[in-house]
Structure formats: structure tokens, C-alpha cells
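Quick one: structure below, then a few questions.
Which chain is which? They are A, B, C and D, in the order written, and residues in each are numbered from 1.
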Amino acid sequence: MERTLSYVDAIREATDLEMARDAGVVLFGLDVDDPKAILGTTRGLAGKYGGDRVFGTPLSEDAMCGAAIGMALAGLRPIHVHIRMDFVLLAMNQLVNMAAKTHSMFGGQEHVPLVVRSIIGKSWGQGAQHSQGLYPLFMHVPGLKVVAPSTPYDAKGCLAAAVRDDNPVMFVEHRILYYQKGRVPEGDYVVAPGKARVAVPGREVTLVGISYMQVECLRAQRYLEEVSVSAEVIDPIWLAPLDIGTIEASVRRTGRLIVVDNGWMTCGAGAEIVASLAERMQDAPGWKLRRMGFAPVPCPTTPSLEALFYPNARTIAAAAFDLVKGAPQGWLPAARADLKLIEFKGPF
Amino acid sequence: MERTLSYVDAIREATDLEMARDAGVVLFGLDVDDPKAILGTTRGLAGKYGGDRVFGTPLSEDAMCGAAIGMALAGLRPIHVHIRMDFVLLAMNQLVNMAAKTHSMFGGQEHVPLVVRSIIGKSWGQGAQHSQGLYPLFMHVPGLKVVAPSTPYDAKGCLAAAVRDDNPVMFVEHRILYYQKGRVPEGDYVVAPGKARVAVPGREVTLVGISYMQVECLRAQRYLEEVSVSAEVIDPIWLAPLDIGTIEASVRRTGRLIVVDNGWMTCGAGAEIVASLAERMQDAPGWKLRRMGFAPVPCPTTPSLEALFYPNARTIAAAAFDLVKGAPQGWLPAARADLKLIEFKGPF
Amino acid sequence: MKRDELELTVRLYRSLRRIRRVEEEIVRVYPSDSIKSPVHLSIGQEAVATGVCEALEPRDVVFGSYRGHAMYLAKGGSLPRMIAELYGKADGCARGKGGSMHLVDVERGVMGTSAVVGTTIPNAVGYAYALKHRRENRIAVSFHGDGATEEGVFAESLNFAALKQLPILFVCENNGYAIHTHQSRRQATLDICTRVRAYGIPAETIEDGDVFRIFQAARAAAAAVRSGSPGPRYIECITSRWLEHVGPGEDFELGFRSREETEAWRKNDQVARLGGMLPAPQRSVIDEAIEAEIAEAFAFAEASPFPPAGELLMHLYR
Amino acid sequence: MKRDELELTVRLYRSLRRIRRVEEEIVRVYPSDSIKSPVHLSIGQEAVATGVCEALEPRDVVFGSYRGHAMYLAKGGSLPRMIAELYGKADGCARGKGGSMHLVDVERGVMGTSAVVGTTIPNAVGYAYALKHRRENRIAVSFHGDGATEEGVFAESLNFAALKQLPILFVCENNGYAIHTHQSRRQATLDICTRVRAYGIPAETIEDGDVFRIFQAARAAAAAVRSGSPGPRYIECITSRWLEHVGPGEDFELGFRSREETEAWRKNDQVARLGGMLPAPQRSVIDEAIEAEIAEAFAFAEASPFPPAGELLMHLYR
């Protein structure tokens, strides 16, 4: 019998198991030990492992990231949590100038087994400063690994892999994914760096959805089914190292690619995927493509504009349909309630 | 008779002219008023415009960036200088969460006419933390403009345009370019956002070189000439907004593109250029391409490895030659002294 | 009461009551889903913004945080445009793009609020730099929470403001908590003012939330700052947040603090206190005007349209 | 002198003299271009690293800045590997990938130095957290300059270290300048220790650069820190940089400071002073050993190969 967990509980369980497994794992960040426990993902851990291993911090993202690096140098395995990815911008110096470079800059003498958890926000007035999907900033920097699991299964397995990794890993969560439930085996397993997953096999178009956009791609696949278009959906899971081979193999078969970023497109993950394929598939030109992602503006709070800011299953399906048909068709599927997500409406 | 100036003097002159033109322009940052005057680019300006308009600051990149934004909100036109681009990482929160978003987030009520000057380092043991070309991080964020002039002419005209722009502009300089001399008209002119330049017209391959890599592309073009390959060299100058149209027109003619980043390639400017062309040229597939840029590691200090870390005229020429011939040719031009740059060897 | 005392009391009461009632109305309306953004309410903390802003000139400017309703209103920000902003409407002060966390009214000197803790502190400092540079007789005010003082940018900002002797008044609204975490679990010593004084900035704490004392302290500090010497001043106002960190409810059931903790503050409620100081008829006139204004503001917000699709890509660059 | 005094003097002298002579040799060799990296020399400042590190145990750890030669050597870092690192050679302590600004010797507790001002301060704090957490009887030391105290991360780090009562000793090498800018042009008040004490951290300043006083202060502070109570300590050592900020030359011709400014410090040169305290024959033995060690180290560096091309892509991930 399969066990079902929410994304929240999957993260909590992975943390719990890793902390039980390795006394060096410590967990901290603003509010990890407060009553809301980072939306439940750290619930109970302070009680179980003590305030030395699980603690809230001052509002000092820069120093706390630096301290995490220091702990890692001392042999601990810190997990530093940011309730929003936007706040990681305060820790860029430590992440890019120190964490990413320590192993190399010191000729291999040191290493930084650090996990930085951060959550992308969406909906309900999050607005410009609480909604950014800034993972391309970290993909850009050699020495960092980046992962953005979209399922509870991957959330658990990737977090375990991240904690055991001897390098700094940016672990990117998405607030809306917290409401997802899915199969999560009990006990130990890892979803190791560098392997994408074909979530749904298909023949005519490849949909690559990153982070929460994976969910929208899965829904788009269902809409496309209704009009007899067969879409393959791929979840890259790890963005650095990126399994471009799996995507390439798919596009070689389908001849069409839509990559949907959960962030802005310029110099984004989609840009990297398209550019890599353009390089790698020079022997097989003529494949069709489309990048989708956030509108190139800060995210507006008002729902009338926020709805237009994000790609969604229907706009993705429409784009894929056009790509398959080779010209704009003016088709937009009617919204299906059974595919609709629970709207996110607080608690903030 | 044409007047020749160094890149350093071009920047100094643009600053001087803008400060004379507009009493609201203020210039600050660590060491702008010290004896070395940011390698001469701010020389004499404190004396001329006074310590209120030109001043050194505490070592507080975050607050000084925030203060610059506040000055801009009050109607000044601040230029905030960082002697190395690596240090801008300390100001990411203010740049991305505030400067880039203020105009939009406040519905157009406010705007932030801010220029952030930063210099990319190279050679002579700069090492991992003094050599980063992080401009893709800023290209990624809507609301910021990004410019990386490669000639003294553009340095002057782009800086004038940046200062007059009502939006935050990341002005990216390169230490090695400081030794370049070139034609610089006296008096007032701007090199406006969003227009690339075809530096050398050609027929068989398009070389797009960013920042200092423009110089290496120009040299590569000369090496290619020797083997009768006609290369077109394009300088995008402004990276955001990016003039993709000029690059597209060129690649449609030559059928081949090499884009050389002055930074890492993953989610870099080259990725964005290639991805944009892949999208835009679906009607004309089959063009050949290659991305070049920093090796995907932190920059090593030792010259034996640093030499391999960067693309250079010869490796670019070799790549272009192979692209034109359609297969690896094993050709690498012999180094020509007349194309060699003065080595950078301090002052640090 | 002397006449000017009475007038002051009336002004302070009106401001306190207005903020309180606006936020109570937000609480009331919230479940209807008309408000399209998270709200960080200031109920219990009104005296700080009210007392400080009463000491300011209209031409002075303020910068604040996501918990910005009180500051925005006390400084004279447009109420209908604020409510419209919470409703995500085109007539909102940020045209619906900002929401509750990003209030702005440049004409009234409300320069903006930010959802990232501490970010507007250096912005206020920079604004003050411009004022001094242009020899304008205005001052900048930075409102921030106790939590914001833990961010490195706070220390950097104090140093620069003191170094350049800038015309800025820092106001800490110390409600003892950052979300659910008490100051004592975040700060090595609770004495924020000692840290501030270490930069040579005069600093004082008002412990009891008395709006008159806050006003007097702010008036003295603003006068000193305005005269240009000796540079910045710092006021820490101890206060109490009665509702949850974000949202319209309470948070006592979470267990991180007890209702008793806020009891003393509720007994000391400045809205009730100043109301009690006024003759009942005068008070009714004020109250009724406030109710009318609020009703109008919410009606204005209701009536305003959502921004059309074409606005999405606007306001990126100027 | 009593025997233990003499032994202490010998140890301090050896360390001071060794650092001085290594750096003089770097100055001498520099024009030959064998050194492949910028050098930020500590000549004039040796007493700080020497005095502090003499007070440490081998198992203690230090974190520093690009001006890190003195700290690295005083803590016991390998000299030949340091010189090889400056030469960009494969036997360098960072295999040639770090250069002068990124020295490391984990075995000796030199945890690394950074070219970005202030960055290693929180790293040291985090290391101290791990030590306390594991109840190890070791301490972490953060060496940083006066300029680094202006970075926000400094304030954040002090707060966290004090909040958690961590076993860390902060050592400020205050040479009065950040590159060419005097402290008075960057800091609102010059009194760094007052700012530190505002976090509840005991702090003291040693004004005169006396290596014995630095040692004693560090010994007392290290003992307090090691005993676990009351958490961190801070020592500010006033000192003087005799050469230019970066590079082998002087900088008096730039006009931002006068040679006279350093004169008093030169008269107070601790290398000469301690040398003078030792009997000449004993001193010669030490000096000769140092010269031999230096000659060997430079020869080692010369002989070491440059890293082969294959190393470029190594050490990215572990």
C-alpha cells in the first residue's frame, strides 16, 4: 500500500530522518522554531533535537549564511531556511563569494556541505518582493548546486541528497506546491543530483516545467490530450547539475519544446536549456520551441494583473497546440475544475 | 582631427560633463576621492565639485546602495562606484528588491535614476573573488538596465546615457579595457540603450563579444582574415535592453554564431542570445553556433590555469574556423604580437 | 485644558481613532475577500505613527515597512487610495500593483514601504543626504521595527547618517516581536538605544506608549534634526501589537505569548484615553466624520475598476 | 629575565622576526615577477598576529583577510606552501588556485582568508557555534581590519555570537586606514570597542602595539572564551601599516598620510625591540634558522611545478 504525504510533510520527514541519521545536521533560520514552523516543514524538530540543533535566528541573513558556512567548515551539515527566496538576496555575498568558491579557491582543502532552503511565493497579494523565482542567479555560479523538486517524493529525496552532498545546495521550494500530496515511501532514499524525470511520456511536444510550473505542465498535458495532442512532460528536478541529455533525447523525438520557467526568462533556466539544445542538436535542426515564464516586470499584487503575470496550464496548452499545428490556432482550453489547484489564500 | 582618449579618461570625462550639466549628479563609493581615484576614473572630481557631490564612503555596500536609491527618490542622480563587480553582491537586496521594483511596485509614482558602476577584474592573480563578470544576474531582473561598453567612445556615451536615464542602470566596466585608447569626441553625446553595433562587417560567421571579450573577438577576426574567413563582429553594448535584432540580422546572413561571454555561460548573456535567436529564427533553422565564456569554475590565480580559464582571440578564432569549415580542423593561429594586449600587472 | 493642549489632543485623537477604525474596518471586511493582499495591522501601535507624524511638517518625508497603514495615514496619505490599493484596484495609490505592503503617497511625503525588513532604512538615509546637500529645511524619518535593527544594513545606515550628520529621525516601533519570536531570543542585549548611541547618535526610549510623550520626544528630536545639529536622532517607542503578525485575527492561541502580555497595553489604550479626554459632543463629531470618511473610502475602492490587462507591462521603465 | 619570560620573548621574537623577514623577502623578490599575485603586506603589524596566536592552542582556529600572511605564519601555517602559493605553484597551500589572498592550512587551524572585506567574520562565528555545540575545548578567532567593522555583517555577527555566547575571540587590527582612507572619514565615532560592548561583549583596546600586552590581553581573553563564559571577547589592536595597501612599495608619496605618521611606530618596532632583549648569540641562532627556512621555502616554491591544465576543472565539487 502506498503512503501519501504532503510536500510539507515530505520536507519535514526528510529533515527528521537526516537529523536522526547524522548528528552533524543542524537546522536554523528565521522562525524555524516558532509556532508556524515554516508552514509546518520544521514542526516538532526543535522539541525532538533540541534548541542547539534547531533554532530561530536574528534577522541577519548575511551573517547567518556566513555562520552556516563556518559550521560547514567545522564539519556540521547546516540547513539554513529562508521563508522566501527573495530574502536570499541578502546572503548573495556569502553564497557566491564564499560558499561556491571555498572548495576550489582553497585547492580542495575545505568544503562546504550547506543546504539553503528557500520558498518561492505566489498568489494572494505576495507582490513584487515575495514572489521571485531567482534560481537562475544560482545556476549561473559554478560551485553551487540547485534543485527545485515539484513532488513530495522528490522533495524528500532531494532534500536527503542535498544534506548528504558535500557542496552547497540551493534547495528551491514553492509555496503552492506545499498543497500537493503524493506518494512518499517511508524510510531512506535519495533523488540524486543530475537526473531529470520523464513525468508523462508523449510524442508530439516536450513540456519542461520548472518548480511549480511542472504542475501547470502536467495539467496542460491533460488539456492537450482532449485535443489529441500527445505531450511529453519532463521535470528537470535538479537545475545544477542539469540533466540536459534527457531533455535532448525527448526533443529529438518530439521535435518540439516548450520550457516553462517559474521565474523570469531572460538569462533564465529556459534560456540555458534552449541554448544547450541549440548547441547539442546542430545535427538535427528544425525543432520548434517556445519559452514561457513570468512576464518581464515585477509581480503585481492585484489579481487582475497577477493572473496575466504567470503562465498557466491553459496558456501552456494553447502554446503547445500552436507549436504542434505550426501556426496560431486561437485555441484556449476551457478551464477544467478537476485540474484546478486549491487557491492559495493565506495564512501568509 | 580625431581626439584619442583612454577608457579611463572617457569615463572621467563623461562623469565630469554630466556633473557640470546637472547639479543633481553625485558620485560616491569606496575610494572615489582617494589618491588612486578608482584608477583615475574619478580623478579631480572631488576637487572640482566638492566633497558633498563626490565622496568616499564607509565599507557599507548595502547601505550605500540603499542610500543611493533614497537620493534618487529625492531627485538626485547618484553614481555609486564599486571597484570590483564582486562587491555588488553585497548590494543585491537593494538593487533587486528595491531599485528594480520601485517604479513598478509603486504604480509609477516614483522612479530611481541610479547608476551603479562596477569593474570586472582579470589577470595577475585577481583570483576567484576579484574576477567575476556577474552581469547576467542583473540582466535577469526586469527593471534594471545593463550596459557593458568596450570602447572609450561607448564608455563615455553610455555613461552619459546611464546618468540621464530615469531608471537604475548597471554600468559594467572591465579592468583590462582601461588600457584601451580610442576616438572620443569632445562634448556631449549619448550611446543610447538598446542599440548594438556592427564593429566589423563580415560574411561567414558572426562573433558577438561581450565587454572585454569584444576586444578578443576583434583580434579573432584578424586571425581569421589570415585564413580567409570573413567574420562579422558585433558589440551588443547594452545587454538590457538587448538589441537582439541586429544580432539576428547578422546570423541570418552568416548562418553562424559564436557568442563570447565575459563571464560564466550557464544562464549567461550568451545563453540568452542563443535562446532568443533559436526562438526568432524558427523559420530559418540550420545555423551553426557555439557559446564561449569562462570555464565553469571559480577563477584560479595561478597563470598556468588562469590562461585556460578565459577564451582568447586564438581560441575564438579556432572555434570560428571549425564552425565555418563544419568540422574540427585542429587549427590554432600562432600568437601575433601586434594583436597582443599590454599585460595587466598591477597596480592592483 | 488650555486651548492649544485641547487642539493637540483633538488632532492626536483624530489620527489615533482614524487609524484604529480604518484597521478595524479592514478586519471586518477581510473575510469577504475584497482585500487582495496580506495585511500587517498596527492595532495597538497607533500612538507611535500618530505621535511622530504630528511632530512633522507636511513637507517632511517618511519611509516605513509592510506594517505601514498607521504611518501612511498619520502622515496624511490618501485613505481612499489606500483602501483601493488593498482592493487591488486601479485607483489604488500604487495602481493596484503594490498592495498593503507597498503604500506610497509622494505628495504627502509617504515615500514608500517595503516587504523586506530593513530595506527602507538606508533609503531614508539617502533621502536625508539629498535634503542636506540641497540645504532644504526638511527632514526624513525612518520607521522600522525592533527586528529590523538586527539587519546589518541598520548598523551601516546609522554609521553613515552619523558620519554625514544627516537630517534624519529614526523611529523604532518596538513591539517586542518579530513575527512570533521575542526580542530576547534574537538580540544579545535588549538595549537598542545603547547600540545606537555607540554611533554618536542621541537616542531615547519611550517605554509607556503615551502618545503625548511620543509626540514631545519626536517634536524635540525633529527640531534638533531640522536645525541641522548634531545630525540624526533616534527614538525607540515600546509598543504592543494586539493582533496577529499578518492577518485580521489574534494569535494568542499559538502559545508564543499570552493575552495577559497585552493587557496592560489595552488598559493603556491611547485611543480610548484621548477619547475620554474630549467632551463627548466634540468626540462624536470627530468619530462621525471618521466613519463617513471610511465608508466613502471603502465605497471608492469597491467602485474602482481592476487595472486592465494593458497595465501589466507598464511602469517597468520610466 | 626569568626563564619563562625569556622563553616567551624568544617565541615572540622568532615569530615577529620570521614574519618580517618573510615579507621583506617577498618585497625583494617581487620585481622578478615570480610572485603571481597581489600582496597585502603586514610589515609593521606583525605584533598583532604574533601576540594573539601565541595565546592560542594549536587546535584553535583562525579566520582572516587578504592581509593574511602574518596570521597564517603566526598560527603555524606551512611557510614553503605559502610561498609556493604566492608563486602560483602546484605545491601551494591552495594548489596555486588561491594566491596570497586565499591562504589556508587546515591542519594548523588556518581556516582561510578572503579578498572580500568582512566575509570571514561570520564564518568564524559559525565555526565557534560548531565548537560550542560539540562541546569542544577549542576557540575560533576572527582577525579583521578596522574597515571590516563598517560592514553590516560585522554587527550581525557580533549580535549572534553574543546571543549564543560563542567561544570566539574577535581581533581587530586597526591600522587606521582602509586603503587610503582614514578611519575618521569612514566611521562616525572612532571607538570600535564601544560599539562592540553595546552587544554585551567585553572589549578592550591595546593602543601601543606592545606585543607582550597584546599577548597578555589575548591570553586572558582566550582563557575566558575557552572557559565558555561569558561568551565572546573583543580585542582591538592599534597598529601601523608601513607599506602600501597592496604591493611591495611605500605609499607616502600619494599624500594621504605622512611618513611621520608611522615614525613613532617605527621607533616602537617590536621586531627590533624584542631582538634587543635577547643575548646576541641566541638571537643569531634564531635569525640564521629563519634565513635558512626562508631560503628553503623560496627554493621549494621555485622548484615546484605550475599546476597542469587538468587541474583547471578540478575542485569544483567535492
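To be clear about the criterion, a residue touches a chain if its C-beta (ideal position, glycine included) is under 8 Å from a C-beta of that chain, and two chains touch if they have at least 3 such contacts.
In this text, all values refer to a predicted model and were calculated from it rather than measured experimentally.
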| item | value |
| --- | --- |
| Subunit C and subunit B - chains in contact with each | A, D |
| Farthest-lying chain, centroid of Cα atoms versus that of subunit A | D |
| Centroid spacing, where centroids are CA-atom means, of subunit C and subunit D in whole angstrom | 46 |
| Rounded Å distance, subunit B centre to subunit D centre (Cα mean) | 36 |
| Approximate Å spacing (C-alpha centroids) for the pair subunit A, subunit D | 42 |
| Length of the line joining the C-alpha centres of subunit A and subunit B, rounded to whole Å | 31 |
| Residue numbers of subunit D (touch at least two other chains) | 92, 96-98, 102, 114, 116, 150-153, 156, 159-160, 163, 186-187, 315-316 |
| Residue list for subunit B, restricted to those that touch at least two other chains | 57-58, 60, 62-63, 86-87, 90, 93, 97, 104-105, 127-129, 142-143, 296-298, 300 |
| Topology of the chain contact graph, where touching chains are joined (line, ring, star, complete, other) | complete |
| Residues on subunit D engaged by subunit B in the complex (per definition of touch) | 33, 36-38, 88-89, 92, 96-102, 114-118, 147-148, 150-152, 178-181, 185-187, 246-247, 254-256, 306-309, 311-313, 315-316 |
| Touching residues on subunit D, where the partner in the complex is subunit A | 63, 92-98, 102, 104-106, 111-112, 114, 116, 119-131, 133, 140, 152-153, 156-157, 159-160, 163, 314-318 |
| In the complex, subunit D residues that touch subunit C | 150-156, 158-163, 186-189, 191, 194-195, 197-201 |
| Contacting residues of subunit B [partner subunit D, same complex] | 30-31, 34-36, 56-63, 86-87, 90, 124-130, 295-298, 300-305, 308-309, 345-348 |
| Complex contacts: residues of subunit A adjacent to subunit D | 26, 52-53, 57-58, 60, 62-76, 78, 93-94, 97-98, 102-111, 142-143, 145, 166-167 |
